[in-house]
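For reference, chains read A, B, C and D in written order, and residue numbers begin at 1 within each chain.
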Amino acid sequence: EPVSGGRANVVIQPEPPSLMVGLVQNGPTQMVAGNIYEGLLRYDNDLNPMPQLAKEWEVSEDGLTYTFKLHENVKWHDGEPFTSADVVFSADQFLRETHARLRTSLEHVESITAPDDYTVVFKLKQPFGPFLGIFEVGTMPMIPKHIYEGTDYKTNEANNTPIGTGPFKFEEWVKGSHILLTKNEDYYEEGKPYLDEIYWHVIPDAASRAVAYETGVVDILPGGSIENFDVPRITEMDNTCVTDAGWEYFGPLSWMWLNNREGPTADKRFRQAVMYAMDREFAKSALWNDLGKVSTGPVSSSTRFYTDDVNTYEYNPDKAKELLEEMGYDGETVRLLPLPYGETWQRWAEAVKQNLGEVGINVEIVSTDVAGWNQKLAEWDYDMAFTYLYQYGDPALGVARTYISSNIAKGSQWNNVEGYENEKVDELFAKAAVAVTAEERQEIYTELQKILTDDVPVAWLLELGFPTIYRCNVKDLVTTAIGVNDGFKDAYIEK
Amino acid sequence: MMSNPVLSIRKLRIALPEGADREFAVDDVSYDLNKGEILCIVGESGSGKSMSANAMMGLLPDLVRPVGGEIMFDGIDLLTLSEHQLMDLRGRRIAMIFQEPMSALNPLMRIEDQIAEVFEAHSLLSPKERSARALELLKEVGIPDPEKAMRAYPFQLSGGQRQRVMIAMALALEPEILIADEPTTALDVTTQAQILELIRVLQKKHGMAVMFITHDFGVVAEIADRVAVMQYGRIVEAGTADEVLDNPSHDYTKKLIAAIPTLATDQAVAGIDKAPVLEVEVLCKTYVTGGGFFNRNPRVVKAVQHVSFTLAEGETLGIVGESGSGKSSVGRCLVRLMEPDEGMVRLGGHDMAKLKGEALREARKSIQMIFQDPYASLNPRSKIGRIIAEGPMAHGVSKGEAYANAERLLELVGLDASAIDRYPHEFSGGQRQRIGIARALALEPRVIIADEAVSALDVSIQAQVLDLLAELKERLNLALIFITHDLRVAAQICDRIAVMQKGEVVELGPAYDIFNNPKSAYTRSLIEAIPGREKDLAAVTVG
Amino acid sequence: MLRFILMRLGKAVIILIAILILNFFLIHAAPGDPAAVMAGEAGAADEKFIADLREQFGLDKPLLTQLGIYLGGVLQLDLGFSYRQQMPVADLIFDRLPATLILTLTAFVIALTLGTIAGVLASARVGKWSDTFISTLALLFYATPLYWAALMAVLVFSVYLNWLPGFGYETVGADHEGFARLLDIAKHLILPATTLGLFFMAVYMRMTRASMLEVSQLDFVKTARAKGLKPGIIQRRHIFRNAMLPVVTLAGLQAGQLVGGAVLTETVFAWPGIGRLMFEALAQRDYNVLLGVFFVSAAMVLLFNLITDILYRFVDPRIRVG
Amino acid sequence: MKDFWKRYSRNRGAVIGLVILAIVVVVAILAPLVFPQSPWRMVQRPFLPPLFMDQYPLGTDALGRDVMAGLAYGAQVSLLVGLVSTVAALLIGIPIGALAGYFGGWADDALMRFTEFFQTVPSFALAIVLVAIFQPSIYSIIAAIAIVSWPPVARLVRGEVLSLRSREYVEAAILSGQKSGTIIMRQVLPNTISPIIVLASLMVATAILLESSLSFLGLGDPNMMSWGYMIGAARTVIRQAWWLSFFPGVAILLTVLALNLIGEGLNDALNPRLARKGK
C-alpha cells in the first residue's frame, strides 16, 4: 500500500546541461525532466500506450486521425491551467522547431487542431504505423504556451526555472552538486506523487557513485550510473534490488559503424569477417556483467517486429580468416573509434581490437573525446566506430534511419553514417512505415532483417542491459517502458 | 715580553675530514695571548689561521675536529667545555669578528636588534637598556648618525660601517679576548686604515687581548704587538712585531717579507719619448641600474668621467684608486667589454669606441686583458691548450699552429708545455695566472690591460707574477695598463700612475712624483692609508 | 607601493589578454564544436539542428570576429555565456570558485605548515634517523601519483572505515545551517585537501630542509653563534626567517597554480570546483566556459604572485626599502 | 669521472635509486623478449588474482590480460615519455634561457615575459587542453608535457648563463674574438650542465607522473600500455581487483622515487659545495 512522504536520493550523470526538455534531449535532462514535464501518453513494459495527460484517445479506422481527450484539472506549476492550446503549441510550433527527432515524425502529420479546450486532433497525411509511439515525455513533452509563445525559446529566462505539469516541481539547482525537485501538491492524479522531494546528486566519477550508494548517500542508481564491474558487488548488498526493466522503449542497441564507402570496410566480406571475429559473448560476460543480449541484427528483441530468423554470426575466427583471405585483405590498418563514454566502452574497443588482431586485421584505436567523436562521425572520418542508439519501440522510428539511403548526409551522427545504399532496403522501409496492419509490417521487417544481416552495413554488438539499482523499500520505481525517465509519480518509500 | 697570558694554546691539533688537501688544518700549534696585547697571526691562505681561532670559540665547521692539545682560558681547557658552557663564554668573555662584513650580519634584522641580541643571549639588561647600550656602542665605534644606523638594515650600510657594527657587537659585553679574523681584508685602504685605528684605540681603552688574523704584513706592521707566522698548519716563527718584521729568522717569513712590494720607485721615467699606442680622450660611462618600468628612482653611477690619457709603446701605466672609483670601468671601456657613453679610444688608427662586429673583433686582437681572479678567468671545462689556442683559432689560425703556439707561450710564462692537456683545476693560483697571461699573449697584442691581475694572489706568488710581467713587457715591447688598488704594487711596476676618484682622474704623472710629491689631497690620503708605511718595510727588502 | 601594485596590475591585464587569445585559438583548433557535442547528446539531430545551434552561439561568424566579440566582452568584464549550461560564464565560475578556493587553500595551508615544520625538524636532526624518516616520507609523498593516493584514501577512510565522506562538498539535502554546515564541509574537506596537499607538503618539506641547511652555513649564523645565542634562537630568528625566503617564492608560484591544478582531486572526490568545470567544458567544447576558467585561474596565479611579492617585500627589507 | 662516482656513491639513497632505475630500464628493454605476445592479449579469465596461477604471478585485468606483461611494456612507455618529453623540454628551454641570459636587454625581457606567460597558465590544465585538442596520442602527450615543463628549464639556464656571462673566462673569450654562438656553446652552456642534469632527472620523474595523470583522465594513447593507463583502467574496478591499480601504482612510485634519489645524488656529486652539507 503506497505511503506518502520521504525523499529519493538519485544519482544523475553527467550533469544535465539544462532541464528544459523541449530544447535539450540528452539522457540526464530527460531523466530529471520526466518528473517536471509530461507527455500525452506513457507506455507499459510491452510498449502498450497508457494515459498520462491524455486520459483517453481514439484512432480512426483509416489510421489517419488521432483524437486525444485531456485531463481537465491539470495546472502548470505556476498555476495556469493546462489546455489543448498548450498541446497544439508544443507539437506544432515549439517542438517542430527545436526537436529534431520529433520533427521527422511530425512530417507525417497534416494538421494539429484543438476543437475544444480539452480535445486535440492530429490528422496524418498517410497512415504511419508507429504514430501512437511518439507521445512519451522525452519525445513530445508539453510546453507551457503562456510562457514561451512569441519569445525566443532558447534564451527564455524560464529555461532555468522549468515549468511543467509533472508530479514534481523544480526547486533548486546547485551546479556541480545537486538538483532538488519537490512534490507538486496540486498534481491532478489524486494522492500522487508520494514522495516529498527528489535529490539528484551530481557525482562525476563512476567509482564515487558506487561509493555514494554504498555509504547510503544515494538510494537509486539509474541504469548506467555505475560501471558494470561494480554491479555485482552493489547488487549483493543488503536491501538492494535491481531491475533491467524500463528500457524497452529505448531498446538500446550497440554496434560498430563500418565505413561502407572506402577502405577494407567497404567490402561486404570484410564486414562479415568482423562479425565472425568478434567474441561478443566474451564482451557480454566480461564487460557487461552478463546483462543484455548478443544482438542478432538491426532490430532489438524488445522492439516491435523483431525476428531472430536471420543470418547469425557466431564467434568463428577461422571463418573470418577465410573471408579475409577470399577478399585479399592486405593488412591495411583500420582506425577504430571507441565511444568516449566511460571505461567499459574503452575496454570493449580494446577487446575488439584484440579479437580482430587475432584474425589478422590491424586495428589502431583512435582516441577522441566526445566532441572529436561527434565531429569525426559527422564528417565520416573513421573506419570503425562504436556507438549505441535507441530504437524508440518501432523500427520505423529507431531503425530505418540508420539504413535508408535518403538519410546519408554529413553533419549528423544519427542517420546513415555508414553510407550503406540498397534500393531494396529503402523501398521496404518506406513500405513498412505506411502499412496499416501489424501483420503486413511484420512481414516486411522480417525480410529487411534478413537482407541487412547478410549485408552487414554495421557490426551489431549487444542489446545493452542497463540495470536500475535501488533500495528494496523504494517501490514502484520502474513502471513503464522508459523507466526512471518517466518520473517518480508512482514511487513510494515503504516505511 | 709580558707573560700574563689570558689564553694559552698548547699543542693544538685540528683534523680535517677525509679527502681534504692535508690531514691537519692546525698541527701542533702552541702560543699565548697576553692581556692587553695585539697578537697577529699571519700566513698565506689555507695555512690554518682561521681554524685555530674558530677552535677557541668552539665554532669549527662540521667534520673538522680538534684531536689534540688544549686551549687554556682562565684555568679551563676550552676544548673540554660543553656546547652549553661555550655559549656562556661566547660573546661575553671571548668575542669574534669576521672577514666579510657583507655576509656576517643577518640581512633581515635591524642593526639595533642584532646588537641587542648579544645582551639577550646572556640575559642581561632590559630591552630598553639594551637599545640604549646599542646606541652607545655605535657611537663608540664611530658610526656616523648612529640613531639612524640603529634602525637600518645591514644592506643600507657600507662595508666599513658594517665592520664597525661587528666591532660594536663584539665589544658589547667587554670581553677579555677579541678575535678578529681578517677584519679588513675586504675593505679598501682608507677604510682599512680607519678600522685598524679603531681596533687599536678600543683595545687600549678596554684593555682587551686581541688576536688579529691577517695575511697582510702591512697590517701586521701597523697594529701588532706580537706576531706568529703560520705555514701549512704550523707556527714557523713567533715573536714581537719588531723582531719578526725586522729580523725574520725562518726562511718562510723571510720569503714573505721579501715579497712585499716596496714603495720605492725609480726616478727615471721610461717610454715617455716613444710613440703612443693608445690614446684615450674624454671617456665617459654612467651606469643606470634598477630603473625602468617599475622603479622610479634608478641608481645612477657616474663611473667614468672625462678620462683622458695616452699610453706609449712599452710603457706601464698604473690606474689606482679606492674601490668603486671606476678603475675597472675604464679598463672595460677600453676593450669594449662595455659601451662607453662618450669619448674616443684610438688604438692603431681605429677608434675602438666606435667599432662594431667584425671590425671590433679584428681590432681587439691588439688589446688584450689579464683578469683578476685566476680561478674565475679560466673555463673549468676547457683544457689549457684550448683556452690559449681558441683566440687565434677564432681569427683563422689553423688548429695545429695555434696549439704549437700555445705550447711555446706556456714555456714563455714558465710552465711546462705538457700543461696543454690539463684542466685549470689542476693548477695552483699562481700557475693559473700565468696561463691567463699566456692567453692574453696568444693574439700578439700591443697593449695588455691587467685588472687587479695579482690582487687575488698571496704575496709571494704575487711577486713572481709581477716579475714575469715586467720581464715579458721588456721582451715583447708591450704597453701595459695596470689596474690595482694596492699602491705598493703600483709603485713597484708602473712608470706612470693615474689616480682615480669617483670616476675622475684626479692626478696623473710619473710614479716617482705621485709617491714623493703628490699634488692632490686625495692621493695624499691614499698614500697615508697604506698600512705599515711608517715602519719602512722596504728597508728589509734591500737584500 | 601603490604604484608598484598598479604597474603589476597593468602587466597582469596584458598577460591575461594574451592568455585568452592563445587559448581562444587553441581550443578552436580542437576538432568538434559545442553544437556538435550538444547535437551528439540530443539523441537525434540533423543539420538544421546543428546549424541553429551554431547560429545561436555565433559560431557561424568568422573566427576573428568571434575573438573580437569575446575580447570586447571581456574588457567590459563580461566573460560571455555558456553554450551548454545556458547561463553567464561568470555566474558559473563564481558559483564554483569558492569550492575550489576552499579546497586548494586548505591543501595549501596544510602543505605549507606541515611541510615547513617537517623540513625544520629534519634539518635540525640532519643525518639522524628522524631526518631520514621524514625525508623518506617526503620522497614517498612526492613520488606517489596524486590520483592514486586519492583512490586509496577513499577506499580506506571512506569505504572500509567509513570515517569520512569520500566525495562531495557537503552532505546534500542535510540542510545544515551555520556552524553545523561548516563542520559538515570541513569533514568533506579532509580527504581531498590532504591528498592534494601531500605532494606539495613533500615539496615544501624538501625545500625548507635544503634551505635551512644552506642558510645555516652562512656567515651571519656563525656571528650569531659567536654572540653566545642559544641554538633554538639561532634556528628561529636567524636561520628560519632567511630560509623561508625561497620557500615563500615557491609557495607563491604554486598557490596560484593550485587553483587550476586541482582537476584530478576534484574529479576523484566529486568536488564541485572549477577544475572539474574546466574538464567538463573542455569535453563539451564549451569555449566560453573554458576560456573563463583559464582567465580566472591565470588571474589567480597573477594575484598570488602579487601577494607573494608584497609579502616578500614585507619579509625582506632589501626589497622593501631598496 | 672516478671522483664523480665516488662522490655519488657516498649517497646511499642515490645508489638505491640508480639500482631501481636500472631494473626498470632492463625490464623495459627485455619486455618484448620475455613477453613476446602483446600486453593487450587476453590470456586468461578476467580478474585472476595475483599468485593464483604461476604463469601470471600478478594476475590478470578486467579483460584477462597479463598484468605483468602490462607492467613490463608500461615501463617502456613511461620511460619513453619521460625521456623524450624531458629532452624536448630541454630543447625548448635551454636555447630560450641561454639567449635571454646571454644577450640580456630586450631579448631577455621578451623571452622572459614569454616564459612567464607559460607559467601563468596552470600547467596541468594546459596539458589537458593540449592533449584533448590534438587528440590523445603518444606524440601529443609528449608535446604537451614538454610544452608545460620547459619554463623552469629556461629560468634555470637563464639564471646560470646570466651569472656565467659576466665570468672572466667568458669575457676573455669575447676579447679573444670568438663569436657569440661559439661562446654560448663552448664557454657558457657546458658550465650549466650540472644543474641542468639535476633538473632533468627530476623532470623525467615529473613527466612520468604527468603522463600517468593524463592517462588516468582518459587522455592516454589508447594503443600504448602505460602505467597510468593501467591505473586509470583499474580505477573502476579498484574494489574487486586492488592489484590492478596497486602494481602500476607502486611501479610509478618506485620509478619516480628512483629518479628523485638519483637527482639528489647527482646534485651532491655535481655540486661539491653543497655536498658538504647534510649528511
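FYI, a residue touches a chain if its C-beta (ideal position, glycine included) is under 8 Å from a C-beta of that chain, and two chains touch if they have at least 3 such contacts.
Everything numeric in this text was worked out from a predicted model, so none of it was measured.
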{"item": "Chains touching both subunit B and subunit C", "value": "D"}
{"item": "Taking each chain's C-alpha mean as its centre, the one farthest from subunit A", "value": "B"}
{"item": "Chains most often in contact, by C-beta pairs", "value": "A-C"}
{"item": "Centre-to-centre distance between subunit B and subunit A (centres being mean Cα positions), rounded to whole Å", "value": "87"}
{"item": "Centre distance in Å when subunit A and subunit C are each reduced to the mean of their C-alpha atoms", "value": "39"}
{"item": "Gap in Å, rounded to a whole number, between the CA centres of subunit D and subunit A", "value": "45"}
{"item": "Residue list for subunit B, restricted to those that touch at least two other chains", "value": "none"}
{"item": "Touching two or more other chains - residue numbers and ranges from subunit D", "value": "132, 135, 235, 238-239"}
{"item": "Touching two or more other chains - residues of subunit C", "value": "30-31, 151, 159, 267, 282-283"}
{"item": "Which pairs of chains touch, using the document's own definition", "value": "A-C, A-D, B-C, B-D, C-D"}
{"item": "Parts of subunit C lying in touch with subunit D, wherever the complex brings them together", "value": "15, 18-19, 22-23, 26-27, 29-31, 126-127, 139-140, 142-148, 151-152, 155, 159, 213-214, 217, 253, 256-257, 259-261, 263-264, 267, 275, 278-279, 282-283, 290, 293-294, 297-298, 301-302"}
{"item": "Interface residues, subunit D side, partner subunit A - complex", "value": "38, 40-42, 46, 62-64, 132, 135-137, 218-223, 232-233, 235-240"}
{"item": "Subunit B contact footprint on subunit D (complex, rising order)", "value": "167-179, 182, 186-187, 190-191, 276"}
{"item": "Complex interface listing, subunit A residues touching subunit C", "value": "7, 9, 14-15, 17-18, 24-27, 30, 100-101, 103-104, 138, 154, 159-160, 174-178, 180, 197, 199, 201-205, 207-208, 211-212, 214-215, 217, 340, 368-376, 378, 390, 401, 409-415"}
{"item": "Interfacial residue positions of subunit C with respect to subunit B in the complex", "value": "3-4, 7-8, 218-220, 222-231, 233, 237-238, 241-242, 315-318, 321-322"}
